[in-house]
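One structure is given below, represented as structure tokens, and several questions about it will come after.
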Amino acid sequence: MIIAGIDCGAKNTKTVILKEGSIIGKGTTLTGFDQVSAIKGSLDAALKDAGIHARDVDNISGTGAGMEEIKDADLKVNEIKAMAKAANYLFPSARTVTDVGAEMGRAAKIDENGKAVDFAINEKCAAGAGAFIEAMARALEVKLEEMGPMAIQSNKSIPMNAQCAIFAESEVVGLIHGKIPKVDISKAIHDAMASRVVSMIRRIGVNEDIVMIGGCGLNPGFVDSLKNQLEIDKVYIPDDPAFGAALGAAVVLKEEA
Amino acid sequence: MSEEDKPEYWRWTESNWRNPDIRWEDAKIVTAGIDVGSVSSQAVVMTDGQVYAYSNMRTGSDSPESAMNALNFGLEGTDMPESRIDYCIGTGYGRVNVPMADRTITEIACHARGAHFIYGPGVRTVLDVGGQDCKAIRCDEKGKVVNFLMNDKCAAGTGRGMEVFADLLSVPITDVGQRSFQVEDEPEPVSSTCVVYAKTEATGLLRKGWGVNEVLAAYCSAMSERIFSLIDRIGIEKEFAITGGLAKNRGVVDRLMKEIGLAPMKTDWDTQIAGAVGAALFGYVLVQKGKGRKG
Amino acid sequence: MIANYGYKDGSGDYFIAIDTDRCDGCRGCVEACPVNVLEVVDEDPNDPFREEPIVIVVSDKRKKIKYECGPCKPPTNRPPLPCVEACPQGAISHSW
């Protein structure tokens, strides 16, 4: 059976193609302001990657902020369920999973079957999401993808007072004027953002192994701050963390089919 | 366009004023209140509990310097020496950085007291929307605080949020209110509370073909909903007064008052000086009670 | 006076309300709080004419009480809040 799992996120739309339980293709597009074309774009890219045609797909499952726009979906999967299944599929030893994307952060405690037993969500506020780091990158005049690598060059701990991304922009500009090196500012930004995600994880309890999915998993600065604040040595991150929720949606459909 | 030539859409005019009917030489007690906000700073000089002079300026990067500049600008055009001031109180976000202050008092207490002076004893609910915060205060007939909240964590519902929008849409901040009414139908409010997400939403609306005025209307209306939900927590009792920079933005104020179902109290005073007026008044009472510097 | 310390952001309302007419500054809540969110000060910063001790929310915690108070607020099976339980006057309440 071939399944396409589509995650229509705030920033990117991701598709994973699963054949008999194995990943055979992936595709991603910017969501932009047209979710319907983004969904089609990411599905097409994933089909191409898998070397198959749309007619080869047996079922489609959807998740993410824009899942209502996935008209062809046979199943719509709640984000918590999707992330829990993804973590279990990728790392069966996972007991905690966190998904940190562009506009939200989530954490769930999961059992050995990949079922979420408790969860916490942080959404509708940029302070605890990838959008925070993106806004700070603009204030620092640094490319988003350079932020993490810069942060890990610093070992300084500068506290940030502002919680709100809008106010933090002014604070970052103040730090630049205060001649604080950009690597140290970048570390402060990641520490501040990670502290909010960590307190969300702590609410459900820190149970290893901890798995992280979502676009922020690609950011070494964020992962570093997260590990330090959770006081753990390892956070399990898949190669393509951004595809986590799409994969989870596909796995849920496979199990329910 | 270089960074320096870039127009600053949030810029408003700084001002100062002196009461022509008062001779400071005749005063028994002279007090000053200095309100150092995140965006603007005001200094009010009072002679025996009456406003003698004031200033309203943009806060610079250095709080002590902004406090001194505000006081000097307030005293400009008067020949009163700063040394004539018997007691000075600092308030606002930067209150601990007012070098000439004898004491500090929170902006909550000062705004309630200042609104009581500016609007009269009938005022019961004071809303102050400043550059980086939103305060809702309920007070009694003496101007004493009964219930309050202050939101300075989140930019939504603050002047900064509106500045971000004005900047995004390249509309001077002083034109926002008026232009927000130049729409055929009142649009749905912007649905995201978070200013970062609201900006993204607004960009999407423009992409969909919305006009700038429509987006402004949608944001003014979102901001008024947001502020309403904050005041609602402390309970709204009439009469209702609005102080702070936002009082000048009718785009938000008119929509908010419609939601509340009241008319805002009117005053000839510059509403931005409420905090500094309250501070100077507290100074006056403290000196009278013998708790001032000389007491 | 009801002093509401905290904030509202896109994700929700997070206020700790203190009834200053009930609070007698006994410090019970301060000792009960596991994360030092509360403190007793000698005079009410919001009432220059009150001279009795009063509890307030520590200034640098006000903008993050959603996170600071997290340990006492697990998503499921939430026990009573220690600060609220510790107050004999019933002067403290949380909005979330």
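The first chain written gets the first letter, and so on, giving A, B and C; residue counts start at 1 in each chain.
The rule is short, and it goes like this: a residue touches a chain if its C-beta (ideal position, glycine included) is under 8 Å from a C-beta of that chain, and two chains touch if they have at least 3 such contacts.
Since the model is a prediction, treat every value here as computed from it, not as a measurement.
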Pairwise touch network: line, ring, star, complete, or other: complete
Most heavily contacting chain pair (counted by C-beta pairs in contact): B-C
Inter-centroid spacing, chain B versus chain A (mean Cα positions, whole Å): 40
Rounded Å distance, chain A centre to chain C centre (Cα mean): 34
For chain B paired with chain C, centre-to-centre distance based on mean C-alpha positions, whole Å: 27
Residues within chain B bordering two or more other chains: 153-154, 192-194, 197
Per-residue overlap in chain A, given as positions that touch at least 2 other chains: 124-126, 163-164
Touching two or more other chains - residues of chain C: 9-10, 63-64
Complex contact set, residues of chain A against chain B: 33, 103, 124-126, 131-132, 135, 163-167, 174, 177
Chain A-touching residues of chain C, taken from the complex the two chains share: 9-11, 60, 63-64, 67-68, 70-71, 73-76
Chain B residues touching chain C - in the complex, by the definition given at the top: 105-106, 108-109, 144-154, 156-157, 192-194, 197, 229-230, 233-234, 282, 286
Complex interface listing, chain A residues touching chain C: 118-120, 122-128, 161-164, 195-196, 199-200, 202-205
Footprint of chain A on chain B - complex, ascending: 61, 132, 153-155, 160-161, 164, 192-197, 203-204, 207-208
